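A, B, C and D label the chains in the order they appear, each numbered from 1.
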Amino acid sequence: SSGQATPAPQQESQQQTQQEQATQPPQEETFTFGMLLVGPYNDHGWSQAHYEAGQYVEQKLGAKMLYVDKVNPADRPGTTPEQLAEDLVSKGAKLIIFNSDDMKDAALAFAQAHPDIYVIHASGDNAWKDGKDYKDIPNFSNVMGKMIYGKMIAGCAAAMTTETGQIGYLGPLINDETRRLASSAYLGAKYCWQHYRQKDPADLKFKVTWIGFWFNIPGVTSDPTQVADDFFNSGYDVVLSGIDTTEALVEAKKFADQGKKVYAVPYDFKEACQEAPDVCLGVPYFNWGPLYMKLIQDAKDGKWQSTFIWAPPDWKDINNPDTSAIGFEMGPALSDEASDAVTNFIDELANGLNLWVGPLKLQDGTLYLKDGEAATDQQIWYLPQLLEGMEGQSVPQQ
Amino acid sequence: MTSHELLIGLAGVLFAAAPIVFATIGETFTERSGIINLSVNGTILLSAMASFAVAVNTQSIVLGFLMGMAVGAIVALIVAFSSIALKQSQVAVGFVLTLMTRDLAYFLGNPYMGLQGPRVQNMPIPVLKDIPIIGPLFFNHDPLTYFSFILIGLAWWWMFRTRPGLTLQAIGERPEAAYARGAAVNKLRYLYTALGGALVGLAGPTYSLSVKAGWKGTISGLDGIGWIALALTIFGGWDPVRGAVGAYFFALLQWLGLVLQPYLPNVPSQVLQVAPFPLMILTLLLVNIGNAEWVDRTLAGLPPDLRRFIRRVLRWMQVVPPASLGVPFEEE
Amino acid sequence: MKPRWENLAFATAAVFVALAFTSLVLVTAGASPFEAYWYMLKGSLGSWSKISDVLVAWVPLLLATAGLLITFAAGLWNIGVEGQIVLGGIFTTWVLRLLQDSTLSPAFILILAIAAGALGGALWAALAGVLKVFGGVNEIFGGLGLDFVAVALTLWLIFGPWKRPGIGSMSGTEPFPKELWLPTIPGSRLSLWALFIGLVSIAIVYFLLSGTYFGLKLKAVGKNPRAAYLLGIPTTRYLMMAFVLSGLFAGLAGAVQVTAVYHRLIPAISSGYGWLGLMVSMLINFQPAWAAPVTFFFAALNIGSIQLPIVLKLDSSLSGVLQGALVLSFLLMGGVRQRWLKKHQQEASDD
Amino acid sequence: MEIELRHIHKYFGPVHANDDITLTIPSGSIQGLLGENGAGKSTLMKILSGYLRPDAGEIRINGSPIEMHSPADAIRFGIGMLHQDPMDFPPMRVLDNFMVGYPEGLLLPREEARQALLDLSAQFGFSLDPDAYVESLTVGERQQLEIVRLLWLGAQVLIFDEPTTGISAQQKEKLFAALHRLADEGKTIIFVTHKLEEVEILCDQVAVLRAGKLVGEAKPPYDLDALVEMMFGKVVTKGERVSAPLGKPVLQLKNLAVESHRIRIAGVNLEVREGEVIGLAGMEGSGQRQLLRACAGLIRPVEGEIWVDGHNLTGKPYHDFMRHGVAYVPAARLEEGLVPNLTLLEHMILADEQRGLIIDRQAALDLTKERIKTFNIRGRPHSTIESLSGGNQQRALLALLRPGLRLLLMEHPTRGLDMESAIWVWQTLKRRCREEKTAIFFMSSDLEEILHYSDRILVFFSGQVSEPIPATETDIEQLGQLIGGRGFNTPEEATP
């Protein structure tokens, strides 16, 4: 798959020796892997997606999963991810999945401290040779789905639906990843607005409001409920969610019940729409199953290599649970013509349509991509600002 | 921002403040009777969870609310009982309860994470809602918000205009005197603690079945609200109206925090979000500084006119808690 | 008469009630209480590495409790302790950030950083103290407000000025280089230095409160400030000292969290040890002698409860329920006991 | 209504406060109840008013036994009590106070109540402003408020527990007139006191309590000596006036002015000399407390100067005064003087000056035992202060005073003490004056005490201060007049 960095030859030798000591166990014994989930395993969001991927691997591979959820210092005072990972190892885990950017340091430290245990860090980039902070750790890999496509599709669905031409984006905290995703949504929206609805991009309002964290903390973050309400009240009729919780959807439902025509697009989790089907345009979701499947299979078979996987969808069928790393589940609220357009858009993407090509400017007007220049993975991954045409802050205030 | 958006936004503030109003007024009743119920923060979480669970299982919003109020009342009664019958520190017991009920909510609420439950529907009031300004501001809400409006007036009237209300003030001020005049002090304290607790408990479902529909465990975003309500009770000087004003002020700040975000690019979002707390401290400072001994000493050094002027100002700002707040009373 | 066995009886009764309640909760959640307790025990004391993890959590909790015992002696509810821990963490991080690239020896930098942490906690406590002593602001609400401010401050630093290159992340600031970690026992996360700080602190507090004029005067001020003043005790100074000392130990807790546990500043740096410390203080009825064992027990519960989700698919907030139930039932039993004694005196005096 | 108390018993822990008391009170008469401090008078009355429940015995009204479980019941039976310390709500307005406890109705009968209040006060010549705050009233006015309230509730039996402490001469006259009227209207009045002259002029019959027992009853004409003997079990005399030789000035007040939001005292000039005892007379809240506190640095004066032993301590805090040998003894023992939950021993340690950091328990214990003996305190070193009796608490308070004091400032040095304890207390104080040349500056609401123990007297009337009056040149009557404000009409007259 395209985003994968193939390990350099001089590395392989030491990796071989790595695997000698790493994969001693006789094959018949069931392979046990551990998973550290940053949120509740049933959060109907990011963590649940990972959890279900784990279950997927369990039944496909006959492997056994051990997991700890709520792995964050607020919920587990006095514990560190390393410590929990070691606990899982002591219960037989041969491979540990750290499912959050927040566990980056823990994942690295743990991997270095336990060369005989395979480590997968979801959403990090330390195994990326072309990345900014590459660390050469043989038993350490990164996986991530190319959600930029999911967000583009979500943006398209929004653009095809909005009547006011105002799309709100409920952002968590500001960093490379969240900027990248918000911008992708914008690109998707702009494209469909322009090419399918024949409208002038200048008439498309796309506003990002950051609440300051992945979910609401009273007195600390902005209240996503209020943010969503505020969007809907001030003429934004579609809100895309970039946060862990489903306020956007819940509030859209509330307004719809009051007779307003408003919609929302949740995030992360395939079944997210179920919380309020009749206002849900669809959900871009992660399907970690196949990715974990591959890496765990490799580990089990002793074919492990330290890799960085940034996997795009399976363009043949982006919702194929066995092959596609990310998908877009169309929502009941998506009108027929809109869904046709979205399907069409997906096909275009499948056939190589790239929205990350110039001319593109950053929010402050500085040139990001020259005319015709296609962004490299690095440029996209480390996006420094929001794109020109988007409202909202680009960088956290100092 | 158009005036229409402003109006809607303010209406949203009134809506979002409803549960805080409930909790604040509830605590005001309890403390007026002389009992501090410090368990508010945890109580709100537990009642939010419990009522959501009930509503999900029975699909009945009403049962949900009843459950929430019952939880609040029961927790409050534990505080009252351990103080009146067992002579234990109200602060201590309340504090333990606030932490325990919180964890209880997270533990028992786990199966209900992210489920879809019933939600209180909006109920615009026909004719009234069309009055310009007033209409969208006050008459386009759900029943709870209306109730919060009514409750403010009702509570004030009860406390300051009725005979039982006067007795309530009396038992909180000087129980032995109230008792000598025939008031059943401890019975009343149980009663008002339960009532106040029920109102605090009402805040729970108001969140989980309306304002922040659903239950999301640790990420429900309700942790902390109760402390704010407690502070607002003091800020309000144990007066329901002043307390409610505080609640609206708090909700307003929260809302401003986000609408101003684009206009104040250099102000960290945390500043606006946390602003209510320094403000709370500041107000508590203003209403209490008059009681400080060093102020008197300093004043004595000032020229007479200035001295008397400042004295008058301080006494005007001063709020005085019910004299027997937190002090148990033993009937023979 | 025989208060010895009496106390014992009531204590056991309290424990029993607490366990009964928690078991009820467990049953409601469809779990076997026995299993749950067993795995919690195994998960906390089952192996040396587990015990060392408990000790790691024990130190900051012990420090926070040590500080709280001082304010409690002065009759103060220092709920600001959470914020004081946080400020300790912030100050420590600050000094480490300033000096990590300097040529000073790591040991020296660490000492400075930990001292700074103590200072940070003391300052934050002093703020609550000034509000209380000179402004008449009830320390519960003054402290609470400052807690929220402290958390906001942390988030601002982590996502703002101190954010990692590119990304502001919940994982906190960039971790410090290994040489700026408090040295640990090889193969474990436990730092003997941290342990040392904790034990010395509780010893100091015990000595202060039990044997010295300072302790007695503090008690007097706590129980009746006006009388204490007429007896010639400088009340305000003593109240302020109580706050500052308490904050100092809380700050140390924060410093330990940064230098010995997380090795960076994280949003939830206090780990809720302040709240837990308040619970412990109540449970031990503010007697320093009991602080060490009971805080160890509470830390063990925290660590042990991690097994619940792993093994039994239960939420580990159960440990909080159990801790709360324990404190509550001890308080209630204390009341029952007093009633009981009173009744007996009555009977004694009647005949 | 005729009231019958039959075989009433009441215990407080070890104390047998009421011991088999049987007493019949005919209607339409004024029944006196006499007894020393702690004799059990208030306890008995609280039982009659339902505030306390007897451990044994029964109460009968017009011959039929009644069940009383709370004051509410008593009020229903028409029994109302004016408590020793006014049971009202200082921060509330007079009218609200008046209405608290009004039995029926949901809404407050404001207008009706206001009328009733004004009418009733008019009948008895009281002047009560319905909208004033109670905290701004004098003790006398607060009693008046209670009286009219009880009448409004239609009380047939009215209990007055020591209503004359701290009210002015005129107020006293008004009160007695009112009581006579009520009796004439057929109401039953019970009047609790330990002042014989009041019994003499007021009561139709009197009962005497001692140590919880009913030791006798009497009808006019009264044999006062017999009554005294009944009260104390023996004849008690205060003994001769003694005064210590005066030395050089200890305390000098120069044109002193003190101000609180309640009251202002101005232009006080005074010189107190070694061994001298100065008494401050006046109704509660006339300003004597403010002056006393100012002299200790507890309140900062707004004008004038305070000199102690030739040092100008104006505006300095109390602790500076302490360093110059000044000590302040408050009236509210458990509120201000002593630390509840701490033991006698710990109090001694605190009062004694600090040596080093660590407490030498043994030395402290010895000291405490010695003090307990010299001040014959009924209590052990390890008994907590609040478990001591009032009198013993007062003894403890004196035992805490360091030797060699220059100036001793005292609020009500013998309040709540019976005559014997009071006499003993004054003996020790006078000894300080003689042997240590200590000057004493004290306030009291007991004129006899002031007259008997002071060398000079300052009389206060609503913030005005009289010239110092040599105790030998005045008497109860004159003091009573002054306290009531006669001769105080103009400030000039007060402080020429």
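Just so we're on the same page, a residue touches a chain if its C-beta (ideal position, glycine included) is under 8 Å from a C-beta of that chain, and two chains touch if they have at least 3 such contacts.
Source: prediction; values computed, not measured.
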- Other chains in touch with both subunit A and subunit C: B
- Task: Could you let me know which interface, C-D or B-D, is made of more C-beta pairs in contact?
- Result: B-D
- Item | Chain whose Cα centroid lies nearest the overall Cα centroid | B
- Express in whole angstrom the distance between the two chain centres, defined as the mean CA positions of subunit B and subunit D. 42
- How many Å are there between the centre of subunit C and the centre of subunit D, using C-alpha atoms for each centre? 48
- Whole-Å distance, subunit A centre to subunit D centre, using C-alpha means? 78
- Message: Nearest whole angstrom, what separates the Cα centre of subunit A from the Cα centre of subunit B?
- Response: 39
- Task: Could you tell me which residues belong to subunit C and also touch two or more other chains?
- Result: 148, 151-152, 155, 160
- By residue number and range, which residues of subunit B touch two or more other chains? 110, 217, 224, 268, 270, 273-274, 277
- Query: Which residue numbers or ranges of subunit A touch two or more of the other chains?
  - Reply: 70, 74, 212, 214, 219-220, 396-398
- Note on the structure: Chains touch one another in the pairs A-B, A-C, B-C, B-D, C-D
- Message: Touching residues of subunit D toward subunit B in the complex: what are they?
- Response: 49, 51-53, 70-72, 75, 81, 83, 87-89, 91-92, 96, 99-103, 105-108, 259, 261, 299-302, 315, 317
- Within their complex, state which residues of subunit D touch subunit C. 11, 13-14, 318-319, 322, 328, 330, 335-342, 346-347, 349-351, 354, 357-359, 400
- Query: Of all residues in subunit B, which touch subunit C in the complex?
  - Reply: 38, 78, 82, 85-89, 91-93, 95-97, 99-104, 106-108, 110, 217, 224, 227, 230-231, 234, 268, 270-271, 273-274, 277-278, 280-281, 284-285, 288-292, 294
- Query: What residues on subunit A touch subunit C, complex-wise?
  - Reply: 66-70, 72-74, 76-80, 82-84, 86-88, 90-91, 100-106, 132, 173-177, 212-214, 219-220, 382, 396-398
- Name, in rising order, each residue of subunit B that touches subunit A in their complex. 1-2, 5, 8-9, 12, 16, 110, 113-114, 116, 119, 121-122, 211-214, 216-225, 228, 254-255, 257-259, 261-262, 265-270, 273-274, 276-277
